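Pasting the structures here.
You will see chain A twice below: alongside chain B first, and alongside chain C after that.
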Partner chain A sequence: MTEMTTESTVYVTYIATTPERLWAALTSSEFTTRYFFGRTVESDWKTGSPWLLRMPNGRVDVKGEVRESDPPRKLVVSWNIDWGAEKLPEAVVSYEIETVGGGVVRLTMTESHPTPIPAALLEGGRKGWPMILSGLKTLLETGKPLGIPVPQPPKERGK
Partner chain B sequence: MSRFVHVIYIRTTPEKLWDALTKPEFTRAYWCATWQECDWEAGSAWRLMIPDGRIGDSGEVVEIDRPRRLVLTWRNEFLPELRAEGYSRATFEIEQVGDTVKLTVTHEMDRDDSKLIDGVSNGWPAILSSLKSLLETGTALAVTSRWPDNV
Partner chain C sequence: MSMDAVFKALADATRRRLLDSLRARNGQTLGELCACGEMTRQAVTKHLAILEAANLVAAQKRGREKLHYLNPVPIHDIAARWIKRYERSRLAALADLKTRLERDADD
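And then the complex of A and B:
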């Protein structure tokens, strides 16, 4: 039997940038292609609008709806993963941006699961977010991508 | 059991990261102006020193395998309520991943709802973010460059 969970994942990182630049890095492909495993991001980022993540090969593997949009402070999106093999329950991802002084911004990413998900999927997120958000910090602070090797999605079969 | 885990990827080498975690000239820059007193041998005493001369935390080196793995016992020394919780355990694991280095810090204690683990859960993300900035840009983050007032 697959173990199920509704645990959240929280990742906090501090970045030498401005809230406006961090917001831009979260919401524009010019940035995301260089830290989010090559993916572009598409949305007008208004509350209620659709959003999606598109892989370099053109396939959309994450999509959802903008639940809350308060630039440059808070963005909440629903998160539906399509890895082909099975339909996974919708998750919610929120990004909170706070100024902490000294030219530093705190980013708090929370991935929550209103519907239980397999524990292995939670572990996947817990492996992925540190790579993505470490890369985001490096890109904003140095202007260059971090270059972590791209991990392969676990359930690409059947496509 | 209380446990905090933080993973961060840094563009550096395992050796440089090891030095940055253990040598005073680095820790003073990114770890709230603190430094550690230790000869870095298994079984040796370990202390984290606060700039005003107080001992912040103390323990001993449980395991050491430069530049891959360091395990410390860790008891708070300057806040009586936290000191009373006794020893926690901090594990630092360093792995090369492509051109980057993955650092995993696990800080845990054999008691539920530990106030020490709650405290370090707030501290580690700021300190490790600042460590990454120092190694990648040469400058630590202002937010962790000095010991906080009134602590």
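And then the complex of A and C:
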């Protein structure tokens, strides 16, 4: 039997940047292609609007709705992952940006699961998010991407 | 966020056990974290403060409770500093092999 879970994941990173620049990095493809495993983002980022993540090969593998948009402080989006096989329950991802002073902002990313998901899948996110957030930090602080090879979604990697 | 704080926080077996506990079940309250060990509430609070200061634990308020989450981002930052891009997949394969072999030995 597959183990199911509703555990949330919370990641925090401190970045030497401004809230406006971090907001831009979360919401524009110019940045996301360099830290979000090559993906572009598309949305007008208004509450209630659709948003999506597009892979370098053009395929959309994540889409959802903008639930809350308060630039440059808070962005909440729903996540519907399409990795081909079975349909996964919707997750909710929120980004909170706070100024901590000294030219540093604190980014808190929360991934919550209102509907239980297979624990193995959560494990996948737990490997991916630190890479994404580390890459985002490096990009904003140095202007260069982290240089991690682009991992494929688990369903397509084949085990 | 200072790397020294991360290394100091990790240089303690009790604090590593607290992180293990959150790894097994994320989002625990102070009470839950106290229940799994033989430490006093005061000692757990002290260790959690050090882990939070090093950004290894992220705390979120939910109503009157405070939930604690394992935050591996600083550990990833450390790894990113010394692990080269092409080593990553080989190291992941090695870690995977070690986990499987050790798990089989436990059965």
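Please note the rule applied: the second predicted complex is superposed on the first by the 156 of 159 C-alpha atoms of A that agree within 3 Å, B and C clash if a C-alpha of one lies under 4 Å from a C-alpha of the other, contacts with A are read in each partner's own complex, and residues count from 1 in each chain.
The definition used in the following text is that a residue touches a chain if its C-beta (ideal position, glycine included) is under 8 Å from a C-beta of that chain, and two chains touch if they have at least 3 such contacts.
All of these numbers come straight from a predicted model, not from anything done at the bench.
Enquirer: Answer with clash or fit: chain B and chain C placed together on chain A by superposition.
Expert: clash
Enquirer: Of the two partner chains, chain B (first) and chain C (second), which one does A:146 touch, if any: first, second, both, or neither?
Expert: both
Enquirer: Can A:16 be said to touch chain B (first), chain C (second), both, or neither?
Expert: A:16 contacts chain B only, not chain C.
Enquirer: Now for A:138: first (chain B), second (chain C), both, or neither, which partner does it touch?
Expert: both
Enquirer: After superposition on the shared chain, which partner residues are touched by A:58: those of chain B (first), chain C (second), both, or neither?
Expert: neither
Enquirer: Quick check for you: in the superposed arrangement, does A:48 touch first (chain B), second (chain C), both or neither?
Expert: A:48 sits against neither chain B nor chain C.
Enquirer: Once chain A of both complexes is superposed, is A:7 in touch with chain B (first), chain C (second), both, or neither?
Expert: second
Enquirer: Using the touch definition from the top, say if A:130 reaches chain B (first), chain C (second), both or neither.
Expert: Both partners.
Enquirer: What is the contact status of A:101 with respect to chain B (first) and chain C (second): first, second, both, or neither?
Expert: The answer is first: A:101 touches chain B but not chain C.
Enquirer: Output the chain A positions appearing in both contact lists, the one against chain B and the one against chain C.
Expert: Touching chain B and chain C on chain A: residues 11-14, 126, 130-131, 134, 137-138, 146-149.
Enquirer: Sort out for me which residues of chain A touch chain B in the complex.
Expert: Its residues touching chain B are 11-16, 100-104, 106, 126-127, 130-131, 134-135, 137-138, 141-142, 146-149.
Enquirer: Which part of chain C faces chain A closely enough to touch in the complex?
Expert: Touching chain A: residues 1, 25-27, 55, 58, 60, 69, 71-73, 75-77, 80, 85-86, 88-89 of chain C.
Enquirer: Spell out the part of chain B that touches chain A in their complex, as residue ranges.
Expert: Counting only chain B, the residues touching chain A are 6-11, 97-100, 125-126, 129-130, 132-133, 136-137, 139, 141-145.
Enquirer: Spell out the part of chain A that touches chain C in their complex, as residue ranges.
Expert: Interface residues on chain A, with respect to chain C: 7-14, 108, 110, 126, 130-131, 133-134, 137-138, 146-149.
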